[in-house]
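The chains carry the letters A, B, C, D and E, assigned in the order they are written, with residues numbered from 1 in each.
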């Protein structure tokens, strides 16, 4: 494996990439926010650029990880096939009756998590650029932002269930505050709703985690994947037992809320609508992926028998999400405030449905498609939210009826918007196409009929996306906006996007185009792992039963 | 009917319930305290009765001594508090001392 | 009957007992010195506080040494000296010191020309009661200890006696407490009748040989009433919100942690010694005697406490009252650890207690500061606090998050261990109820930080901060709250060590 | 029916009857004096139960101490007036509930007590010698620590009660 | 010439327009009008390369290579192709590639030529346009996508470029997006196409899941060896039809033809490019490309779809008044012909019609562009912005003012009507002969019947258009003021008219079968098992194991081995020709009688026809039906769901008020008991319990004690 620097100062680069924002956070704590207006503006600037700097270093590290990543290694349940591993004993606490409660600081990545690390770094960087418009309590905002960053990165790199859980919850609170303090008019409601929904999911995860611990005697995820480690009379031992199904469902619901899979999705539109732009970006770009990531990493690998048992249900849920999300997005044209952001939020539900459908197929194409889709949805939807943000910053409106004809006013912006919108409808040449097609290819082999219904999603998807595009960008510019956005020219010197916004949008656009034409770099990264995962899921139950 | 342990226990049970009834129904705080004394006395009767019928177990008697001591201390403190209430409210109606509630 | 040998034996036994009884002795000495100093140094305002704190520190040191004795029983089986008791004594002592420090900073207590000498003296007295309570193994001893503690706390709850709400709290407390303890002593008398003894180990032996279940149940439940009122378990909790709200905030803090700790220690020891089969030596999974389903009774109390506490807390507008309900629900959580009735459960309760004390004291500390500055305990008046006093607001948030049990705070560690214990005994339903409740809990905690950060964000009211000492005290609780969320090996080790209880074997 | 039984019935009647007056009387002074009779009656029961020392203690502490304290309390706080049970609808509901609950509890206790087997040792008819001796021994040997703690408790109570009752 | 060079040239042809796009999208704004020249030049180069490729391909025999591995260059028969892995999923390679065979080479020429001419035409036509560079960029993107479809040798690339064509047509149709109608038309085109693509996608999924590859030749090969989706011939038919769905969308076949007329909202050169020659032909091309997979049943459906399309579109075209719409329906109708031809099994004929139609239909559209442009200028000069310059009722007499346009238009109209000595005559006649033969062999007489009927209608409406627009007197001031356009507009017309002469395809003006076209472009053998083919298509000679190798390029069918169908077609040729000339002549005559000589009053005539006229005039109410059913249904569903979702969300908070609002809005539609009901219920229950527990805290201490005692009693009774 040699040949790359896997550690810095003795710690894995993953540790650094995860905790770098925390270091930044601590540093930031010691910089007092300025007292009067002028000084405050200055310190605010420092906080902003600090965050950009930190996330940029993170991005560089992620790219470094990407370049040194060995595509051939599988991971999933094999410890020495993970990369950049760091395993340090963390908590050694013994308990009466059950022996030791051993928790490790155990991080490492395989083909499933590596793309997610890359995605997280990318999205966080772009969203940090989009955070410049934050005016209120800038310091607090960026502190929360960095904490969120730690949580998200941590979820993707941890291989110890306990560590995973801690990071999982760690990300909850900053998110709550970010929506609740810096959000829109109904921010309180949206924030608490997000909080409660996610918490309900995660507390059940906690129970399953403890139960798994008792069955396995370790919090190590890899140990939990090995049937041989299950104590014979423990709660979750055996194969296809009721308790295993219950545990699977409990975990699944926890993750499904995050994804979100219909019918656990209702927090999402609210959270998105109320959250400030960069937070929407992160929410859609990274947070949703944590759900599907969890399903793959934990549900699939730890409960292969239950996975096979619930496979069909999963596929159905995926399709329901696709159709339901798309219809709801379409419905935004007829119902309610005709809010562009809400429509995009629903489109996320639909797009994440593809991920579920793909993974349920348990086929290489579907699985790779699913993980690809996780990445691609991250970049594309992040762009979409950034786009809404650009418009909203200027006009403080984002209703579909409030605009029209922006294409002429903002031509460059229009071009980028086109990439995002077309990416979202799965246009070939853009990354969404590859992943959606792969999902279809995989899913059709497993579930022809269900997949046919899923295909309807591509029609509906095109429907609402083009509809929105037309409403906002085509047609005639309303008289309200005929003048410059900012008559004083303080904020916006031109009508079109400014450099900062481009800085956030272009890296994403590049990713969307690049992986649309050359998906290889991404697919190669994940295919070994995912193939192994499929094989593992399919063979492990048999192995399990042979052990009994 | 012979007088035995059960007779004493029944007396104590009735006394206990009467005391409890006084505690929960009387409006005057001092009457509530009287009710409390009844409950404690009920317990004491039990102790002594059991002591006798349990083979002159002197432990029961010792227990009663401590209960009486406690009753005295408690009564002193409780009455002090009642007096304080009286100073603050100029009445002792426990029903109307209900500012603390949801 | 009385022979010189027996007297000699008695004296030697007493001396031996006294050497192991030093921490309590030190407390009693402190108590007396405090009374004397209060009389002698009338002019020096907080002299009793300093004396008491010093005494507590000495007690702590002696308590450390107490750990060096092997588990045994002293004073003719009246008290047990064991690691279990030591743990709770440390907890009580720690919270006692903290509350006294807190009291020194409290405006509520120190304004005007109120005499505070008795205040600290009574805290010492209360601590004596609690110390005895956690190690008592005799029914009368238990009752005495409980009363010592209760009587002190009745007075403390109404210490600001000219305040109507404090005197009301005091009255309610005394009526409720006296009734509960009267019911308890009635139950004890029945238990005495059933077993002919007041010592828990002898009672246990008789129960092993078989007794009538109906009176045993009644007796047991009546004792549970007495203990349940101390730990504020539903349905014996009704006094809690009113007293917590009315009492001075420092006393509320003390009641919510120390007296609860003593109550739990008593509950656990009582059940362990009375109803667990003591013929099995040091059995970590107690085998509970008789066909009375004690586990289910405790489980019922636990579920009720969690649920009622949480659901009612949602409606509260006063933060002390809300924290009172929250403490009820926390009692429910801790009872989950008791339900399983084995050592892992006890360890879990201890872990939970350890972190609960830190975070709860911290929360009350900040409530005190805010009340001193703004003169209000209403949650609505917390709006904009995040902008008026960011430090306090952030710290309060951390405590509340910890109370809600979210990682990476200490509260999560406690929950983790309790759920671990419950699931280890396959009480999945109970775990599920607990989990759902921990979600509900979030609603009302979130209400506070919503007010602090999301409401009234452009407040024009003046900013404020607290004194250096105040900050130090806050940090003293904040740092462990976060630290034990990510690293708790030592407390876990301590808890494991401390489940060892003297079992008369 | 022997003399013991008759005495028992008399004392029991006094205890329960005067306790009833304590509980139901509208006049607080009546209640206070009824309590006196109750406590006397209980002392009588103690005598029947061969608890001579306890009977004396009962009279001295309860009647000489506690009851006087209570009467002081009454006189300090209340003009001797009528004291109603709780009025109004909610009061009636509460009264009813309380009555039902305590009656049910009484019923339960009595039924259980009638059926239960208690730990019975020795011959209850055997007349014992005085109990003072053994009580004293026990208090200073086995119950030494209780004795001490009780003193602390009393000290606490004294300090507390004086603090609270003291006028500013 | 080495095969590598040929393929490289093919790829260069493909990429050049993309280069246009890339240059113009980034730098177009600074270039201004220069961008048009850049685009045209690049396309010109492309055209030259395409001609070169065509000639080379048709004159060279490439040596066959034996497949070695799954990637690299493969030559089999007339097919030269390259395969490479786009990406791999572990062991699974997703191979794609490009191939050039005779069909491809021809199609390359069609696309590049039309595209070039449109580029040229637009130099003049679009010169006033503000977003001129953007227009050329889109044209480049479109050409790129279209060429991609042509060159693809696998389903995946086919689909990729298929979608790209969709999106670029969306951009082009909606080019004047300030107009709502244009933006709507673009959207409609894209969405209707998506419906077809949905089927296409599922079809591809069938193929991929069955054969594990996207490559046409590999699929045909496996199919020839008897591998079928789900092992059943029925599913093979279904798969074929699903793939055909793609063509239904792209080639505007019934029932998805509704987008094409609306697409006339785009600039006229775009109409010429997209809706005459290329994009709509893509569907037909695709059917031709995958021709071997269609079973007899699938073919029959295809034939009927084509026939119905041809008929419906022709009936609609008769009554339309918009210049471009008439042409649009005519296009739909002609596409129906092509599809019908392919359906009845006349592969070469169908494709031949595609090529000839491409020329003359492009010419027609460009001519219409010429008219509109002239009218526009005239209207502009007159400051008249209200008159609809595309309405043929506002034209008339343009023959005099625009002679070049008129004569080219007339000639290509003749070609479209199938008048002898035109290319259209050759191709249309061949189609009619095939359908006739098909009818004779199978008894499906409706198909030839419709074929002939439509031919007659075509002649009628085309001459209606010609006469109304060009003959007679100008009906408006504007029409009077029109004048002929200059070179960039006229040149393409003339060129296209010239190549619509029969001689370019066959020396024999009555039979194209003897020409080079039929020699070079031969029907591929079917890959479908014999029992699923039409018996009449079977060639007498049985294939032995070796020669069942039925790759796409396996056009080396022994000439003297002829199927029954081909024989019948030859027999039917002359009868069909006679009939078709008669019918077309009749149609033309009828048009002259009504519109030129006015022997009948057209209005009176239409009034007499009443409902039928209305039906035709309103395009058979397709749009209305779709709006009411499919779109309406979807939108309603979406609305209901969105409301439902809204309700779920808000219901938790303010249940009651929303229930009222909700039921007011959608009384009885939704029984709101599902998710929201449960959530509400839980909220209510918890709220109730909370409130109850809340109420117990009365502040009265005695209540508390009673409650505790009751608690105690309850516990005693539970556990006693």
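Basically, contacts are C-beta pairs under 8 Å (C-beta built on N, C-alpha and C of every residue); 3 or more make two chains touch, one makes a residue touch a chain.
Every value quoted in this text rests on a predicted model; they were computed, and no experiment measured them.
Undergrad: Counting one step for each move to a touching chain, how far apart are chain A and chain B?
TA: Step count on the best path from chain A to chain B: 2.
Undergrad: Quick one: point me to the chain whose Cα centre is farthest from that of chain E.
TA: Between chain E and every other chain, the largest centroid distance is to D.
Undergrad: What are the two chains with the top count of C-beta contact pairs?
TA: Chains B-D share more contact pairs than any other pair.
Undergrad: Which chain's mean C-alpha position is nearest the mean C-alpha position of the whole protein set?
TA: Smallest centre-to-centre distance to the global C-alpha mean: chain A.
Undergrad: How many angstrom lie between the centres of chain B and chain C, each centre taken as the mean Cα position?
TA: 26
Undergrad: Please work out the Cα centroid separation of chain A and chain E, and write it as a whole number of Å.
TA: Their C-alpha centroids are separated by 38 Å.
Undergrad: Using mean CA coordinates as chain centres, what's the gap between chain A and chain C in Å?
TA: Centre separation, chain A to chain C: 43 Å.
Undergrad: Could you work out how far the Cα centre of chain B sits from that of chain E, in whole Å?
TA: Here the centre of chain E sits 96 Å away from the centre of chain B.
Undergrad: Would you pick out the residues of chain B that each touch at least 2 other chains?
TA: Expected reply: 9, 16, 19-20, 23-25, 32-33, 44, 49-50, 54-55, 57, 59, 62, 66, 70, 73-74, 77, 80-82, 84, 94-95, 97-102.
Undergrad: Chain D: which residues touch two or more other chains?
TA: As it turns out, chain D has residues touching two or more other chains at 94, 98, 101-102, 105, 108-109, 113, 118-119, 121, 143, 146, 150, 153, 156-157, 160-161, 163-164.
Undergrad: Give me the residues of chain C that touch two or more other chains.
TA: 140, 144, 147, 151, 154-155, 158, 161-162, 170-172, 175, 179, 183, 193, 196, 214, 218, 241-242, 312, 315
Undergrad: Kindly provide every pair of chains that touch.
TA: The list of touching pairs comes to A-C, A-E, B-C, B-D, B-E, C-D, C-E, D-E.
Undergrad: Which of the residues in chain E come into contact with chain C in the complex?
TA: These residues of chain E touch chain C: 686, 689-691, 693-694, 696-697, 699, 701-705, 707-708, 710-712, 715-716, 718-720.
Undergrad: Which residues of chain E touch chain B once you look at their complex with the stated criterion?
TA: 694-695, 697-702, 705-706, 709
Undergrad: Along chain C, where are the residues that touch chain D in the complex?
TA: 1-2, 10, 14, 17, 28, 31, 35, 74-76, 78-79, 115, 118, 121-122, 125-126, 128-129, 132, 138, 140-141, 144-145, 147-148, 151-152, 154-155, 158-159, 161-162, 170, 193-196, 206, 211-212, 214-215, 218
Undergrad: Spell out the residues on chain D that touch chain B in their complex, using ranges where they run on.
TA: 4-5, 8-9, 12, 15-16, 19-20, 22-23, 28, 31-32, 35, 38-39, 42, 45-46, 49-51, 53-54, 57-58, 61-62, 65-66, 69-70, 72-74, 76-78, 83-86, 91, 94-95, 98-99, 101-103, 105-106, 109-110, 113-114, 118-122, 124, 126, 128, 131, 134-135, 138-139, 143, 146, 150, 153-154, 156-158, 160-165, 167
Undergrad: Quick check: in the complex, which residue numbers of chain B touch chain D?
TA: 2-11, 13-22, 24-28, 30-31, 33-35, 37-38, 41, 44-45, 48-59, 61-62, 64-66, 68-77, 79-84, 86-87, 92, 95
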